Amino acid sequence: MVRYLITRLGQALIVVVLVTVIAFLILHLLPGGAARATLGKEATLEQLAAFNHEMGYDRPWIQQYGMYVQRLLHGDLGYSYQLNQSVVEAISQRLPKTMVLSLLSTLLAIVLAIPLGVIQAVRRNRWPDYTITSLSLLAYATPIFFMGLMMIILFSQIWPILPPEAPQGFTVAEVLADPAGLVLPTVTLAIVTIAVYSRYVRSAMVDNLNENYVRTARSKGLSERRVVLRHTLRNGLFPVITLLGMYLPALFSGALVVESLFNFPGMGQLFWQAALKRDFPILLGVTVIISIATVVGALIADLLYAAVDPRVRLRGSAS
Amino acid sequence: MTTLSQAVRPGTAPDQPADAAEAPVRGLWRQGLVVFCENRLALVGLGLFVLLAGICFLGPLFYHTDQVHTDLTAVHLAPGEQGNPLGTDGVGYDQLGRLMLGGQTSIIVGLAAGILATALGTLWGAVAGFVGGWADSAMMRVVDAMMSIPSLFLFMLLAAIVTPSVSMLILIIGAFAWLGPARLVRGEALTLRSREYVQAMRAMGGTGGRAVRRHIVPNAIGTVIVNATFQVADAILYVAYLSFLGLGVPPPAANWGGMLSDGLADTYSGHWWLLYPPGIAIILIVLAFNFIGDGLRDAFEVRLRRR
Amino acid sequence: MSESTDPTVRHSSTAGQPAAAQPLLELRDLDTDIALRRGTVHALDGVNLEVMPGETLGVVGESGSGKTMTALSIMGLLPPGGRVSGGQILFEGRDLRSLPADEVRRIRGVRMGMVFQDPLTSLNPTMRIGVQVAEPLRVHERVGRAEARERAIEILRRVGMPRPDRIVDNYPHELSGGMRQRVAIAMALVCSPRLLIADEPTTALDVTTQRQILELIDDLREEFGMAVILVTHDLGVIAGRADRVAVMYAGRVVETAATEQLFRSPRHRYTEALMEALPESAIRESGEHSRLYSIPGLPPDLSRPMAGCRFAPRCRHVTDECRTTDVALSIGEHRHACLHPVPAAPATLPPRVRVEPAPEPADSTAGADQPAATPVLSVQALVKNYAAHGRGLLRRSAGQVSAVAGVSFEVGPGETFGLVGESGCGKSTVGRLAVGLERPTAGQILLDGTDIASLTGRERRRMHRQVQLMFQDSYAAMNPRMRVDAILAEPLEIQKVGDGAARRARIATLLDQVGLSRRVLERYPHEFSGGQLQRIGLARSLALQPRLIVGDEPVSALDVSIQAQVLNLMRDLQRELGLAYVFISHDLSVVDYMADRIGVMYLGKLVEVGPARDVVRAARHPYTQALIDAVPSITPNAATARDGVTIRGELPSALNPPTGCRFRTRCPLAQEICATEPPLAGNGHQVACHFPLRPESSKASARAGAAA
């Protein structure tokens, strides 16, 4: 177990380092580089050279990367001239709100996806299974922003019970103070997640229901309810923990779209606006931070899984 | 060395498959085709794809519209007005003709990006899986790292740097969607490498090259093709997202995602014909590729057919 | 001869039955269907069975005979799509089919218990042992948590679990297979059921463990006063344990009788054929074993309608009447459903039963007696260690698994060398090393006198022509996407033998040799049955005209009747082509039948080597004797009559094997000196033991002496 922990931590660390390398390369190896992209097409060569010199972009890449990492370690992600604030500051204002949105929609997804997946597995290849499967596929095939728009049309226009825009509060507390505004973004983001999770729960449950130990449990005269809830559900849900980690990149991608659509002042929206304005310090900073969040999230999920599932826990300690 | 008499080998004659008489000898591809055709959804998917692709690529031959010059005198016409069956958009393009044009882009970008991603991923994953050891660890950490950057963020970062065009869109999506296939192919290579039939071949004196050529590639190809169809579906969605986020192909070029995003602006003005047709088209084509992929998965699974 | 009146009259279950004894369980005309994607399989067709209180009923049959479906139908545990479609299941006088579901569930949980085949997957991996064992108590008797735990410990103690108070808090994967099966039995017995159904309870276990478990079930039956249904494919298991036997074939009971009666005088032609197909019935003292009777063909497809006796297509005594008349079980104590039954035997034992000690063996077998020729394969002080280490970047060696530890033996031309041992003894590793699939850590492998380690490139490739491997699971050993013609051509292509036409001709010859028609060439592996695949696998092994074939459990996955076909084929080919075999198996009776000489392995070491009949009939190593004693035989009650070396405990880990004699931790004869390693000593019949059970027979050493 301890060895697994160390190995997994080491892997995560390597991945984080690689993420910074990739982000760095993307910005600096492309034609024209950051200078051209920041200053625009009309900038003269002199202007570009001055910009590069000022930013240290005329030095060797290795050195630039070294400087970049050094700044990163000091919590310095650069300065956004367009927002007129440091990247760290901009992100720290927005990140908690994105986390609130992601967390709420994940919770909603888990609460709904598990029973849906269980129903599908227990009634597999019958109408409840087919219905939920069709809806999941439909949800998966629909662009999130189209889905969000349908929600707005349905619940703000045709049947106006919810506001079409997300809360605009500056702090998390202010955002939470407007729960009605949070409903549509959360639900929109959750729908695709539900589709993915319930498919996963379904297949995990179907696999487990075909296991021999289930037959043993039935031979003890247990009710079908007890067989499903006490035996298969536990075993089927353990691996879902790792799915929570694996799904994070897709969740954040979804959040980017949802925040843009509902005008939710989170990281995604920050990133979107920065992309439209070619604000590279923000783009790079957000990318690195969101990637680190993904790596850490996946790490936590894996470790949690290893800690709670006796199959993994004990194998780890034995080998 | 001649054959022994039947008397010495009892059981020879009846020891044929019980259904040998009825079951015609069929190639593996034929058998797969039968399984594919048994999957009704797969057939629906294939039909949908043929229908949508047919409309988009053949439609303009019969239904001529001007998709280059704007016509500000015919803006936001409702369906049916002035001979525009699906109305016109905000700059006067005929919506039906535009759907065909946009569909071409969406399908081409989806197919090309999906195939590019699959090809790149297969190459990377196969090399990692075969070489193994240190190189494998290093190559897979790179995949881990890129996978932990949420794909939309990555695409937008790139799209912000380069000017999007159709070919650039294909390159961008293809260059970053290969991670999934890479992982998949590597896992497949690792399992196939340890299969007993590969060991049997090695016990006959066969080389690693032969193992790859005759055993691993033919058995992995199904997984790769199935995954490619899902990649195409995902790529079409990515194009839509990029367009929505304002980083799609610039006009007069069109794609369904861009049309849908433009249609969002018209939500409150009641121009429904600008919103729903491209939205539904995207959903249908993505569903089609998912259905096809599911059907192919069954078709490639030889073991499903074991008695 | 009161039995066998008119066999065509359908038996009505109450007639002819003593009124006093009320059966605990009675199946009347039970039909079970299983709906599959294509069509419905009629798994059971009019099954009639009775189980008296306190008796053991053995249900025996090959795969697809319906024996497991019978057990699952009784328990109401049929797989998805399965359904009892007709008949009655009377348990303690009540028809389970007409009772409400809750009631049936309670009966299943309290009055019946079931033990399944695979102990590795039959327990919930994430639930503590104690919780699983006590679950029926908690559910059906509403027992409190603390008391449930106490009773779990108590029942675990009664099934012979060491340290039950600690085991209750363990998880299943922390226990060995045999221990898990004990847990499964404890779980089935925790509510003191009247009926225990054991479905192949020992098939996944090693023979020595099998013996322990079967004895445990026997003891518990008496202790609990319950009835047992023992479902198995192994006639030997039934012979030693059951009071009565029911033989099933193709979804029907074809014969039932008291065990002794059935084995002494089988009446149904299928039962007769099945017994003749067992290797142990073909073993002759002379050493030249007679040919196995192999039942031709395959069992019928149960999804098609059938008329007449279901065994008719494969029966040597078939008449037209058999094909059209539906035969029901006869009435009486010994019932059978056969129109042309075997005449009832007199009440003495038939000569088939084998005699215990070896008399003077005649010098007749090949190979063993011609050591003058260069051995085809010579293995010298072979060692194979595997590094056991953690995963990931921070690899740290966690020691070495000693899979093979100094094994030496020779195989002469045309000889069969049997390698026998329980799982984990290293016998498969020896096979893989011999064919060059893995490289030894130390020691030499000589093929025709050439050290294969010295070969490189072309020579090494050519070496593979000499020796071929035959797999247990031929389906896994064939590329599922290649047609049979490509599969058979592959060795020829790799070794660049002949041109296209020559290869096609060679393939045609191979098919003739293994008795398959040309039509198989255009088909794919998934279209064949197990026996056919094994023939194709054998044909592929023969393609390069090797001198030696290493068979790794080549018949272990096959039914008895199919196994006989493949064993006969292997022997025929050996005679025709002068092949040598290394025959690796866990099944001593198969090895006994096939091998000229036998090597017995335990935990990576060869503990005994000698002529087959000497090793089997006059074992010198205590482990070999224990192995022999544990093998179930169809001679009834033979198990109790043996001299009985019983080994206890668990196989030690190969990661940290015992020093000295590796068997000493479980050996009843172990002394202090056993901490030093005994050499493999002797002339013809060698043993690695400080206290051999008997001296080398004079004949064996004399022969070896003459040869040297």
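As written, the chain order gives the labels A, B and C, with residue 1 at the start of each chain.
By our rule, a residue touches a chain if its C-beta (ideal position, glycine included) is under 8 Å from a C-beta of that chain, and two chains touch if they have at least 3 such contacts.
Just so it is clear, the structure is predicted and the values come from calculations on it, not from any experiment.
When the partners of subunit A are compared with those of subunit C, the chains appearing in both lists are B.
Here the chain at the heart of the shown protein, by mean C-alpha position, is C. Centres computed as Cα averages put subunit A at a distance of 52 Å from subunit C. One simple way to say how far apart two chains are is to compare their mean CA positions; for subunit A and subunit B this gives 24 Å. Look at where the CA atoms of subunit B average out and do the same for subunit C: the two points lie 47 Å apart.
Each of the following residues of subunit C touches two or more other chains: 393. Looking at subunit A, one finds that residues 11 touch two or more other chains. Across the assembly, subunit B contributes no residue in contact with two or more other chains. Every residue of subunit B that touches subunit A in the complex is listed here, in rising order: 141-142, 144-154, 156-162, 233, 237, 240-241, 244-247, 257, 260-261, 264, 267, 275, 279, 282-283, 286-287, 290. Against subunit B, the residues of subunit C that register as touching in their complex are 294-298, 300-301, 313-314, 393, 435-437, 460-465, 468-469, 471, 473, 475-483, 490-491, 494-495, 509, 512-513, 515-517, 519-520, 522-524, 526-529, 531-532, 540, 544, 565, 568-569, 572, 576.
Those residues of subunit C lying in contact with subunit A across their complex are 75, 77, 105-110, 113-114, 116, 118, 121-127, 135-136, 139-140, 171, 173-174, 184, 187-188, 388, 390-394, 396, 398. The residues of subunit A lying in touch with subunit B in their complex are 11, 14-16, 18-19, 21-23, 26-27, 30-31, 37, 137-138, 140-146, 149, 152-153, 248-253, 256-257, 260, 271-272, 274-276, 278, 280, 283-284, 286-287, 290-291, 294-295, 298. Within the complex formed with subunit C, the subunit B residues making contact are 1-4, 8-20, 23, 25, 28, 31, 137, 195-197, 199-206, 210, 214-215, 218-219, 302-303, 305-307.
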